[in-house]
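Right, I'll just put the structure down here and ask away after.
For clarity, chains are labelled A, B and C in written order, and residue numbers in each chain start from 1.
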Amino acid sequence: MADDAYKPHASRDDAADFRYHRNAFVVMMALFLVAPTIFYPVFVMKALCFALFACAFNLLLGFGGLLSFGHAMFLGMAGYVSAHAAKVWGFPPEIAILAGTAAATLLGVLAGLLAIRRQGIYFAMITLALAQMIFFLCLQAPFTHGEDGIQAVPRGLLLGMFDLMNPYVMYYFVLAIFTAGFLLIYRIVHSPFGQVLKAIRENEPRAISLGYRTEQYKLAAFVLSAGIAGLAGATKAIVFQLASLTDVHWTMSGEVVLMTLLGGMGTIFGPVVGAFTIITMESYLAELGSWFTITQGAIFVVCVLAFRRGIMGELEAWLKRRRIG
Amino acid sequence: MTFKRKLVSAAILALAAGAANAQISGNEVKIGVLNDQSGTYADLAGPGSTLAAKMAVEDSKAILKGMKVEVISADHQNKPDVGSAIARKWYDSEGVDVIVDVPTSSVALAVNQITKEKGKAFLVSGAASSDLTGKACSPNTIHWTYDTWELANGTGSAIVKTGGKSWFFLTADYAFGHALERDTSAVVVKEGGKVVGAVRHPFPTSDFSSFLLQAQASKAQIIGLANAGADTTNAIKQAAEFGIVKGGQNIAGMLVFLTDVHALGLATAQGLIFTTSWYWDMNDPSRAWAKRFAAANGGKYPTMIQAGVYSSVLHYLKAVTAIKSDDGTKVIAEMKKLPTDDPLFGKGMVRADGRKVHNGYLVEVKKPSESKSPYDYYKIRTTIPADQAFRPMSEGGCSLVK
Amino acid sequence: MSEIFGVPIQVLFGQLLIGLINGAFYAMLSLGLAVIFGLLNIINFTHGAQYMMGAFAAYFLLNKLGLNYWWALVIAPLAVGASGMVAERLMLSRLYKLDHLYGLLLTFGLALVIQGIFRNEFGSAGLPYAMPGQLSGARNLGFMFLPNYRGWVIVASLLVCFGTWFVIERTKLGAYLRAATENPAMVQSFGINVPRMVTLTYGFGVGLAGFAGVMAAPIYQVNPLMGADTIIVVFAVVVIGGMGSIMGAILTGFGLGVIEGLTKVFYPEASNTVIFVIMAIVLMIRPQGLFGSR
């Protein structure tokens, strides 16, 4: 999905970029720290989980140029595993979340080995096919309880001390997870590994001719993305005390594309903005029934036609023009 | 952290004290209608249920004596995660005191859990699972209109008694379908019939031809449809096309609503037999209410779910005004204590396990020639008395029953 | 009676025929997708919504204008095709220079909008559409009871599918179309209005979806969501057949209908998933699809 959304910068821009990212990060964290006192905490937690999910997806699409149409399988599978671990095996929440993340990572390795051999639309299709199979598995496997999902998952005591039933304790725990995942993605993108990934996105044959084993890089990016998406799903299951089929359904894979596209793919903060926008709309328009679907579709159309860089992409481009001009 | 915790618990205490003083939290009773407003079940519950709740509030004016009651609604999209998120938000931050309707068993079970945790009230009209008054029963939930056991028992035993001894099931492959198949099979076997086979179809399915062919090959006398909504109407429509009924087999819809019959048209649906808890053309008060409802609902007549929402909200408000409190657990206890009496379902009661009991009706869909007016669709064949219509309390395994 | 894996042979024949009928729908829908992809390089996610629009068009023609099924078969595809051409001119035409994935995202959004609007207007329970009198009834084939209408579905879809294949692969018009996808500038220089041709092609592909919608109206409920899940199955059919391959789409459509039909006998729960399993396998072994050339 090579596009002008993310142009490689000249090195003198790097310092300015870093300053921009640092300042934006400080603003974002400040907002998140006070958010639960203003907004309903569960709502912000939900948005944070989806923001992390979208960031993980963006790692693959925005920086790796690979459009997966089956990312819901990682979100949903991790949710099921962590819910099962917490409810049936009685694991403490942090271990349950790790178990979910590990399951998604493992699934990422398997799916990645199959999918990265294909490109473009074929890559999207094979991820869709795999996700449909995972959906079927989740529908049929007894431990997922089919349509009912795994309900009444205990939140438990974090590290044996903090009671997660308290909404504020839960909130700051989720925020810590989000921040860790977010910084990890930032680190990956700005590492030599991330640079190679961007080179592959821009021109894979050239990257191959420079001696990079592009398949291994793509696989690594796929597995990282799957793992972080799993982290988001596992956390979400603990927050909502529920793991359900919605999170493995293909429409969820579509939704994360929408969040990333709207926020700005290939930008660091875009997916966060996109996820918050969509989740906010979803809660406000819930009363309006199918108007939500219509609005969602209209946003897709507008983004693709007029707004391909997304909210943060446009904003960054504007900042850059100002900086230069 | 400990300081923060103290702060929070102090705040909670203050809130609780405030509520105790005011009796009615937030000085108003807030009713949340949570159902499918846009999907498969939007017509049989959806905005019509919201309307029914509002009508109930209007009709309770005399006993409310100026007490403020607000009705809000939301779309759960038939997804347990969406539904439970809305329920949590309503209880935590929007001051909702009672959630009503909630079709789709998986969502109802999730809301049931949350309601119990938060000590609020939950009046189920739309959901079918008899687990709500069985192993999942709660002191905060009343299951109002119908359940899988009622449908299975009413339809199953009536058909076996009239000679439909061998059954084949087309079952929607999810919890609700399985429950319906399980409950009906038990009745069929108990009454001396037998189940010759079943096929589980994915949910939802638009093409039933393959499954119908299997049902045809089974040579069963009765093909039981353990599914709902569009699955049921599609299966019935296609059964007509494949000449199932002409070939001597009969279809038994386990869960059929007025809106389904309307969508099928009488030409296709005629002769279908099933159980319902309420029908608008049963008696004068029901007819009068249905006409009022239809006038405000674009001419669409009420289903039993919508009637159940009306009736349950009436009774809820009666209990609230009786004890002058909207505390969920207390109101539900009061609702169980007060005998029920309303224009639609007549006299009845709420059992200790949360089951509202009233008569059931075995109905047959009219021939096009017998239908005299819009929505004149059913003939009532048998009335199943209230004490036989629902599962005996002792068999449900509800922990509230000693 | 002889049996295969516990299933009587006669029943199996019946199931094969049923599979073929469902395959006819897959074939008509995937054909439209393949034509659009082959000539426009757009992955038309709106196809399912356009299929639904065809069924609704038939419903309105019958109930509002009193025009019967046969009129609907002609008018509905034209109307749906025309609406598609408007969408192509206004929106899709701006995306041809971009990556395929943008086309997919745009049409995905359009599908959500269209389905949402229909759901708002008409609810979701579905509207009935009466079987045309000439095609009601059924005949006994010995091994099964075949409704006349289902027989007609096979005949009509075979006619449409092979007609389309013939036009595109064997006529001069088809040759222009194919040339235009390879090198639009060259074809333009022959004095052919390539953008108009592209618009008409999109309209035709979408019209095929509308046609399939009319065909479906008498046997399935006319329902705003009838295309929502069908579309990803049809996608899989196109991918398996080879993106853009006309013959591939037709044969795969029928073939997968049969395979799905057999799955419904032996493992019905999996009948929605089997096509994706096949798609994954095909993509692994033969990424260009069974009939694809590249």
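Here is the rule we use: contacts are C-beta pairs under 8 Å (C-beta built on N, C-alpha and C of every residue); 3 or more make two chains touch, one makes a residue touch a chain.
Here the structure is a predicted model, which means the values were calculated and not measured.
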| item | value |
| --- | --- |
| Farthest-lying chain, centroid of Cα atoms versus that of chain C | B |
| Chain pair, A-B or A-C, that carries the greater number of C-beta contacts | A-C |
| Intercentroid distance (Cα basis), chain B paired with chain A, Å | 38 |
| Centroid distance [mean C-alpha coordinates] between chain C and chain A, Å | 33 |
| Sites on chain A at which at least two other chains make contact | 139, 289-290, 292-293 |
| Contacts with 2+ other chains: residues of chain C | 119-120, 269, 272 |
| Overlap residues in chain B, where contacts from two or more other chains coincide | 38, 42, 173 |
| Parts of chain C lying in touch with chain A, wherever the complex brings them together | 43, 91, 94-95, 98-102, 104-106, 108-117, 119-120, 232, 235-236, 239, 243, 269-270, 272-273, 276-277, 279-280, 283-284, 287 |
| List of chain C residues in touch with chain B within their complex | 8, 10-11, 14-15, 18-19, 21-22, 119-120, 123-128, 130-131, 138, 144-145, 147, 149-150, 219-221, 223, 225-226, 229-230, 261, 264-265, 268-269, 271-272 |
| Partner chain A, residues of chain B touching it in the complex | 1, 4-5, 8, 37-38, 42, 72-75, 79-82, 84-86, 88-89, 92-93, 105-106, 109-110, 113, 173-176, 203 |
| Interface residues, chain B side, partner chain C - complex | 38-44, 46, 173, 199-202, 204, 206-207, 209-211, 213-214, 216-217, 229-230, 233-234, 237-238, 241-243, 247, 259-260, 262-265, 267-268 |
| Residue ranges of chain A touching chain B (in the complex, touch as defined) | 40, 42-43, 46, 139, 145-149, 151-152, 162, 166-169, 240-242, 244-247, 283, 286-290, 292-293 |
